[in-house]
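Labels A, B and C are assigned to the chains in the order they are written; within every chain, residues are numbered from 1.
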Amino acid sequence: MVFVGFGFLMVFLQRYGFSSVGFTFLVATFTLQWATLVQGFLHSFHGGHIHVSVESLINADFCAGAVLISFGAVLGKTGPAQLLLMALLETVLFSVNEFILLSLLGVKDAGGSMTIHTFGAYFGLFLSRVLYRSQLEKSRHRQSSVYHSDLFAMIGTIFLWIFWPSFNSAPTALGDGQHRTALNTYYSLTASTLSTFALSALVSGDGRLDMVHIQNAALAGGVVVGTSSEMMLTPFGAVAAGFLAGTVSTLGYKFFTPVLEFRFKIQDTCGVHNLHGMPGLLGALLGVLVTWLATHEAYGDGLQNVFPLIAAGQRSPTSQAVYQLFGMFVTLLSAAVGGSLAGLLLRLPFLDSPPDSQCFEDQVYWEVPGEQEAEVQRPLQSEETQA
Amino acid sequence: MVFVGFGFLMVFLQRYGFSSVGFTFLVATFTLQWATLVQGFLHSFHGGHIHVSVESLINADFCAGAVLISFGAVLGKTGPAQLLLMALLETVLFSVNEFILLSLLGVKDAGGSMTIHTFGAYFGLFLSRVLYRSQLEKSRHRQSSVYHSDLFAMIGTIFLWIFWPSFNSAPTALGDGQHRTALNTYYSLTASTLSTFALSALVSGDGRLDMVHIQNAALAGGVVVGTSSEMMLTPFGAVAAGFLAGTVSTLGYKFFTPVLEFRFKIQDTCGVHNLHGMPGLLGALLGVLVTWLATHEAYGDGLQNVFPLIAAGQRSPTSQAVYQLFGMFVTLLSAAVGGSLAGLLLRLPFLDSPPDSQCFEDQVYWEVPGEQEAEVQRPLQSEETQA
Amino acid sequence: MVFVGFGFLMVFLQRYGFSSVGFTFLVATFTLQWATLVQGFLHSFHGGHIHVSVESLINADFCAGAVLISFGAVLGKTGPAQLLLMALLETVLFSVNEFILLSLLGVKDAGGSMTIHTFGAYFGLFLSRVLYRSQLEKSRHRQSSVYHSDLFAMIGTIFLWIFWPSFNSAPTALGDGQHRTALNTYYSLTASTLSTFALSALVSGDGRLDMVHIQNAALAGGVVVGTSSEMMLTPFGAVAAGFLAGTVSTLGYKFFTPVLEFRFKIQDTCGVHNLHGMPGLLGALLGVLVTWLATHEAYGDGLQNVFPLIAAGQRSPTSQAVYQLFGMFVTLLSAAVGGSLAGLLLRLPFLDSPPDSQCFEDQVYWEVPGEQEAEVQRPLQSEETQA
């Protein structure tokens, strides 16, 4: 799922479609293998063997999600060797961070607002900061979409939208919990989609919609309930969260991305800060709030599944909420440190980084079909006229 | 599912891809929220609360299906505010009509030949009649496809084809009934696809196939068994029904759509009358026939699930068949009245309807990337030659 | 699934997108119906009736897979009447071959390395040999891709990749066996993807990647474990097999396809020999090896499901391995003879084969939208400037 969605979501660049889809494919498969080893070592290493199961496959998939989010921040400015090194480092750090949060701190984060989205986004942003290119202007004319590339990107959007409820509910307990997770995610997504449409028309000046907002911000509702969708968020809470996430995300694309680039020198190609960073942080905070409000009455027997430590009497809802908040800061810290260090390593000169004037360009890495369709069709049609 | 399918099915217009996908997305998410409320009020309102479940999600999805069918009839000729008002009204009427049929009349309509397809199509057609534009000729040059837009549309077709068996069987009882529904739908779809290919070549004059027929009429087999796929239709019956539906639908595109426009002043952009209207009515009549033929011997214990009122001895097969027929007329009547009234409301001047010369055009509502790929690529290639 | 994947995988040709998707659709639906009858006759004909179930649907789907593989070899060089005749003949032979292998010889082949991939590929290749066109050079300028057609093809690739684990595990026993099959397939696919990327860059001369390799060879890992994924292949074995398959397949595209055409006079449009032929044979041999190594200790109670004849004491692992090998040769023989005979029949003059200069061209069979987008957009934009 991650493949289709992320791959096509990034196809919006006019001359970077092959790389967007191809490198997503490369980085994702590499991460899936490597994460199986790393996570297996941390979670299921018994008697000299790593035990694999469908669950380890899902966990590796989540790790690939985080790596692809970081890829979104540096899209078009990095070569495949750099990306593989990034995936190598990020997978280790992702797994360690996830291990600290879920296993050591007992934090709940089923859909990964913290472990996947916040981590992936800020890892990528700090990485992009270190790799800042002051001469990127030379490739700016390629950093836009064309009509068909935007339609391809919508394939990615709609796929992610559809599968997000399954994505958030995959690691939760079967039965009630899984249904609740799927429904909360779904209500949040509908709300973020609607608020994105409304905001996109409002902020544009002439009332016209911006495809970039629809492609991305509409999904923010899935990110924001990543932590809390398993909990008793209530449909109203999910709708409110989704509405807020869509709003923040759309405003981020319009106003914050330029600030990020010119003030903070962070070039964020896909706007992952708007789709994953801010909604991820919001989602973590929402998780803190909903955890704090948890009661035995509201959850009943389900408390055992959602908050086993509270059910066992080892933690109060308040202390669990503090742990959730602490988990968010651990995630931010490890993403910032890890992303910066990874950025330094990725600047090593023998990793084939594309020159400033050749960013967002497929021909550097791919044998691109030379002729254009328009030129090829003309002789064909005259041929038909003769026939 | 509904999103991918319908969204991309409508992308065939050359300059309306953003709106087709985007407004589908907007209208569908709005309908999902609103239908959850409306249907929850009608079906699961207990003690001041609406109870939601995965089932209410499926029901809302079906309602969104009907609204998107109506959208197909007015595609390219309506603005987003008009579409949202249409969705608002149609959702209420859809839910009331469904409530009358399924709950009050005890009509069976698992896959929605009546409640979804017939209702959605005729609602849209009557709406389109009221919104008739005599000057649409000014935008006619945009009302055709280009090569790549037809390929995008085939993504929609194939998705709908694949998921139609799941779609028809989603609301049926688990086990035998669900398998029977899926198999019947699937046989009917294969038959309608084959008859569409045959007919499309036959009616074209020079033996060449028309992509519009393949994109649409191939799906008519899914529509026609919407009511009866749950019943003992037999594979032969399913194949015959699918064959008939593909034939009627293809002939409709070729001969009936122009009549509809010039005689009845109904401009049906996507030809929903051919894909949903006529096959939906056929499906309703087929349901009447198969219900009439139902016997205790053929269904055995399954009768309880398929026809609970017959199993309980409250109705004979003949009286159930009469109720089915009555349900069809109720659906037609409510679609006609509702669509006409909605059309009058949609003509209110403050709803931003596009001018006649700007129909089927994305630039009215979207910030469309200005440069074309062809123009952008040329300097790139010369740049490469220099490098 | 088969539809989306194969249909879009073949869309890479610049002027054959309608035919690729459309004829895939036509051939697949025809095969699904016909295979249900033929296989029903062989497997589930009791008391004058064919019994259908979801299982017969899956079997028919597998047969459609084989027919579509053969279609890949002759893509662009055959008309729809030829393709339907091919599907008619191949379905019968596929079902007979499958019956001999699975029912008479007791060979295990869950994911169809032999019955689907090897059979489909060599049937198509022998067919293509008989239909050899020495004047194909006249259409060569159309036998390449354009930028967007390659992106469409990647939709097919990624879909097949995602669903391959389900595809291989569909016919296996529920529970442990199905999980093992899915995991093995998935590890093999990740390995073949990575080896394809590496090899594609290595063999290109200038280090650039070739989209054709990524689109196809990345999937070879799914083919190669078709026979053995159900068995105790171990993750390491799956990765090794996938790595080997990706390597062989990429090298095949680079070096062997030209040899095949100019030396053996086999024109293989989609390179099915590289994606299905060689990896299929490798998969069959891998199945022989893994079968030979089977022990009661390794499988435990699962032996009953995977190798019922060994569990019942009727065969030793070695004799089962010999049967597996024998099954491979039976498959090759029937594919070769069947493909050649089918080729002779397809040369019948009244089947509308396209002329040499009109291969890989949609306009022969489809009403292709005449105007190009580029020409249509220009007046639009000037219109907007005036407005």
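What we mean here is this: a residue touches a chain if its C-beta (ideal position, glycine included) is under 8 Å from a C-beta of that chain, and two chains touch if they have at least 3 such contacts.
All values reported here derive from a predicted model rather than from experimental measurement.
Asks: Which of line, ring, star, complete or other matches the graph of chains that touch?
Replies: complete
Asks: Same residues or different residues where subunit B meets subunit C? The copies count as same if more than half of the interface numbers are shared.
Replies: different
Asks: Centre to centre, by mean C-alpha position, how many angstrom separate subunit B and subunit C?
Replies: Those two chain centres are 33 Å apart.
Asks: Do you know which subunit A residues sit against two or more other chains?
Replies: 147-148, 155, 372-374
Asks: Write out the stretch or stretches of subunit A touching subunit C in their complex.
Replies: 1, 3-4, 7-8, 11, 17-18, 21-22, 25-26, 29-30, 32-33, 52-54, 57, 80, 147-148, 152, 155, 364-369, 371-374, 376-377, 380-381, 383-384
Asks: So in the complex, the part of subunit C that touches subunit A is made up of which residues?
Replies: By the definition above, subunit C touches subunit A via 14-15, 141-142, 144-151, 154-155, 158-159, 161-162, 179, 182-183, 186-187, 189-191, 193-194, 197, 204, 208-211, 214, 218, 235, 239, 357, 361, 363, 370, 372-374.
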